[in-house]
Amino acid sequence: MIRKGDFVLLVSEEGKEFLLQVDENKIFGTHKGNINLQELIGKEYGITVYTTKGSFAVVRPTIYDFIKRIKRQTQIIYPKDIGYIILRLGITSGSRVIECGTGSGSLATAFAFAVKPFGRVYSYEKREEFQKLAMENLKRAGVEDYVVLKLKDAREGFDEKEVDAIFIDVKVPEELVDSVWESLKPGAPVGFLLPTANQASSLLRKLNEGGFVVTELVEILLRRYKTNPERLRPDDLMNAHTGYLLFARKKEK
Amino acid sequence: MIRKGDFVLLVSEEGKEFLLQVDENKIFGTHKGNINLQELIGKEYGITVYTTKGSFAVVRPTIYDFIKRIKRQTQIIYPKDIGYIILRLGITSGSRVIECGTGSGSLATAFAFAVKPFGRVYSYEKREEFQKLAMENLKRAGVEDYVVLKLKDAREGFDEKEVDAIFIDVKVPEELVDSVWESLKPGAPVGFLLPTANQASSLLRKLNEGGFVVTELVEILLRRYKTNPERLRPDDLMNAHTGYLLFARKKEK
Amino acid sequence: MIRKGDFVLLVSEEGKEFLLQVDENKIFGTHKGNINLQELIGKEYGITVYTTKGSFAVVRPTIYDFIKRIKRQTQIIYPKDIGYIILRLGITSGSRVIECGTGSGSLATAFAFAVKPFGRVYSYEKREEFQKLAMENLKRAGVEDYVVLKLKDAREGFDEKEVDAIFIDVKVPEELVDSVWESLKPGAPVGFLLPTANQASSLLRKLNEGGFVVTELVEILLRRYKTNPERLRPDDLMNAHTGYLLFARKKEK
Amino acid sequence: MIRKGDFVLLVSEEGKEFLLQVDENKIFGTHKGNINLQELIGKEYGITVYTTKGSFAVVRPTIYDFIKRIKRQTQIIYPKDIGYIILRLGITSGSRVIECGTGSGSLATAFAFAVKPFGRVYSYEKREEFQKLAMENLKRAGVEDYVVLKLKDAREGFDEKEVDAIFIDVKVPEELVDSVWESLKPGAPVGFLLPTANQASSLLRKLNEGGFVVTELVEILLRRYKTNPERLRPDDLMNAHTGYLLFARKKEK
C-alpha cells in the first residue's frame, strides 16, 4: 500500500518515467495533465491513474530508479557499470565493503542494497557537502542504515580491516593502493573506475608493484533502443564513455 | 582457511585464472609447472604458491568466477548482462524471483546470490538434462539452498504468485506473457533476453497488448583491454552480441 | 593561393574547426577575437592568422570538411558510412553510379569526388526542394560537374543502364529492388542504408527473391576521443546509430 | 568478359565468398561440389554456375574484395578504417600521397584505387620481404602502375615534397613527425594508425610541438549482422580493435 512519504514511479504509456514522493496537497503536472499525488495514499502499487490526456502506471521504484534519478553534484557511476561491479566484487548480503569517494552516493546506494540486511558499506569522502547529498540520496532509497559515511582522507588509511571488497573512484587512485592493500582480506577483490587511459596505465604500474594481481580491465557500453515494434532501432545518441573499470586481487607482498 | 572440497581461483602473474576444487592427491598441471592442490588444505586464501617457472595467487572465487566458468550445454547469460538485470529488476536479499528457462543455471546462480539468505529463486525448465546440470552448477557455487528448480512448461503458468520480479530467457517469449502477468506483483518488473531483433519486435507488440508498460530495450557491450601499462589497448576480439534485454512493468489490464 | 570565393577551414589551437567562404569585407567573429577574411585573399593555405586571444591555422578544406558541414534539411549520411560505402561498392575514377534519394547531397558530393574526372553520379530525388539544396552543396564542394541530378520517382525505373554501382537511401527500399536490378551491370554491387531492423528484414526477403545475393549487413560506429595527451579518453557522447548498411550483388534471375 | 588470368569472386547462395584467378585446367573444390574455372573463360560477369549441390554467382571483384582477401604477413589496415582514411585525407583522382610503411600493401592498394589514373602513391617500407608481397598484392588488384614502392627508412625523410596527404602506420610514429612536416603541402592533412593508447598520447605531444594542429582522434567499429531476415541479429564475435586513427593538419612552425 502507498503511504504518505513513499516514493512512486509514474510510467506513461510511452514508457516515460517520473520518480515522485507522495504527499498531501501535492500536484504533479505533466504534458498530459495533472496528477493529484495525495489521491495515491492508501492505493496499491500497480494501479493506473488517468489524466485528462493519458494515463500512468503507478509502480514501486526499484533501486535502479533511485540511482538513475539520483540528485547529483558529481559525475555518478552508471547502472551499466554498477551491476557489473557488484558481480565482479562478489558483493552479497552480509558483505563488508569499502568505497571511496562517496560523491553523490549512487554506488553506496547500490552497494547498500546488495549487502543488506547484515552487511555494511563504509563510504569515504573528503568533501562534506558531498557527504550530505549522499545521505539525502541514501535516505530517499531507504538504505541509509546499511552505510557508514566517513569524512576522511583515505590516503591515511581506511579504519576497517579484513573487508570483503573495495571500490575506488577518486582522481589519483595510485595514492590509495597501499590503503587498499592494508584493509582487504587476503585474496579479496578491488575495483577502480578510471576516466582516462593515462590513469589506467599509471594504476596498472602501481598495482603490479603494490601487492596486487590484475584480473581485468574493461569498459561497458549500454546502447538503448527505441521501443516501436514496427521501427526497431537504436537511439540516435548514447553515452560513449563513463570510465574504464579495473579489477585486481590482493596477493602476498 | 581452505578445506578439502573448497574451490580456489589460481591467478597467474599475467592474470590468467583457473577455477579448481581442492582435493587430496590432486595435481594441477600448468604451462608454468605443477601445483599440488592437496598442499593448499589448511592454508589461507591470498597466499602465493610457487611452481618451477612462476607463481600463482590463490584466491577465493567470487560469484563472478563461478558464473564465468560454469559448466554449460547451452548459451549462457553473461556477467555483463546479469549485473544489469539484477539492478534493473531490483533483486535484493529477501526477494522472491521467478526465472525461465534454467538452462545451465548461470542466471539462477547469480539470482540466488542476490536474494540470499531469505529470498528464493524459482527456476523453470522443460528439459530434465539441463536441470541436472544447473543443480550441479548451483552446488559448486554453494547457493543451491536458495533455488527451487521446477521441471514444467511455463506456458501453463507459474506456481508462485505475487513475486517481486521475473526474468524470461526462452525461444518464444510471447507465449509466456500471460503467465508472467498472472504471477507478478502489481507494478513489478519483468525482464527478457532476446537474441534477435525479430523477437524483440514480436514481444513488444505482445507486451503492449498484454498488460505491460515497456520501460527499456537495451544491449550491453563489454570490451576488455590488455593490461600492459606501456601498451594499453583493447583486446582484438570481443563478444559482439548475446541478446537484447527488454524490461517492462506489470500494469492494470 | 587563396582567392575570393574560395572556402577555407580555420582550425583553432584546440582543434575547433570553421568552414568559411572568403570574401571582401567579411569579418568572422570567434570566441578568440575577429578574423578579417578579406586579408586571406592572395595568401597561401597553411598560414596562421592571429586574433587578439589566439591563433588559427588556415587550411584547404577536404571533401570530408564539406560533407561534415553540409547544409542539411534531411538526415545525412555520415563520413564513417560514406568511406565504407565507396570502398564496398568499388567506386573509383571513371565509375558510373546511381544514387537515390539525393537528400541534402552529402553522398552525391562524396561519390562525385570519387568518380571524377571521367565518371558520373546520377542522383534521383522526388522532392524539388532537396534537389536545390543538394546542388548548392555540390557547388560549395566544387563537384557539381560530375553529378546529374534527376527529379523522378525511381519506382518507375532509372534512366541509366549497365551502371557500375547503385546506392539506395529511401523510406521503402523494397520498392526499388526491381529498378536496381534493371540498371546494374551483371554481378555489380548495390548498397542500402536502413534506419530500422524491420526495414533490414523486409529488404533481405525481397532481395533474396529479386535476383540478388546478399554479401553483407553491417553497422559502423565511430567513437571520437578527446585529444589531451595527459587525459586520453573517449568523448562523453557519440552517435549511436545512423543506419544499417546492406550490400548485395546482382545475379542472374 | 572473363579472360584467362582474371580474378572472379564466387558468391554462394548463403553469401559465402571466394576470390579466385581464372586459369585453364583449374578446378575449385567447394563444400557444394567442384567448379571448373576454365569454363568461365569467355563468359560474362554476373552469370550463375551450378555445382552438384548448389550454385554460385560469378561477379567481378571490387577493390574491397582484393583488400579483404589480401595475402598478408603483417597486421593489415581494415576496410572500415581505409574508407574513412581516404575521405578524411581528401584523397581523390590525381592526388599525390605518401604512405609509410607499406606492410602487405592493403592501404597502398586502396590509395592507388583512389588516386588513379593521374595521381601517385609513394609507399615507404624498410623490410624488402614486405615490399615484394605488397607488389604481388598490387598486381592482383591491377593497380601497380599507380604506386611507387620505396625501400627506405623514412626517418631520413621522404623524397617527395609538397604532397597532398600522408598516412603513417609504423611502430614509433613520433620519429616521423619531422619527415611528414617537410613533405606535406602547407595545411595538408596527415593520418596515423596507432594500436595503443600510449602511442596516441606520445604522438599527440609530439604533433603539438612539431608544427601540426590535431583535428581528430577516433576509433571505428564495424559490427556485422547475420542476414537471415527472420532472425536478424549481430554476429557473435567482432574485431574489437585495429587501432586509433589520428588526423592532423600541417601548420606554420
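Think of it as A, B, C and D in the order they're written, each chain with its own count starting at 1.
To be clear about the criterion, a residue touches a chain if its C-beta (ideal position, glycine included) is under 8 Å from a C-beta of that chain, and two chains touch if they have at least 3 such contacts.
As the structure is a computational prediction, the values presented were derived from the model and not from experiment.
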Intersection of the contact lists for chain A and chain C: B, D
Centroid-based (C-alpha) most distant chain relative to chain D: A
Type of chain A:chain B copy interface by residue overlap (half), same or different: same
CA centroid of chain B to CA centroid of chain C, Å: 45
Rounded Å distance, chain C centre to chain D centre (Cα mean): 21
Residues of chain A whose C-beta touches two or more other chains: 197-198, 200-201, 223-224, 230, 232
In the complex with chain A, residue positions of chain C that touch it: 195-198, 223-224, 230-241
List of chain A residues in touch with chain B within their complex: 11-13, 15, 17, 44-48, 57-60, 62-64, 67, 79-80, 82-90, 92-94, 110, 113-114, 116-117, 185-189, 197, 200-202, 204-205, 208, 213-230, 232, 244, 249-252
Residue ranges of chain A in contact with chain D within the complex: 197-198, 200-201
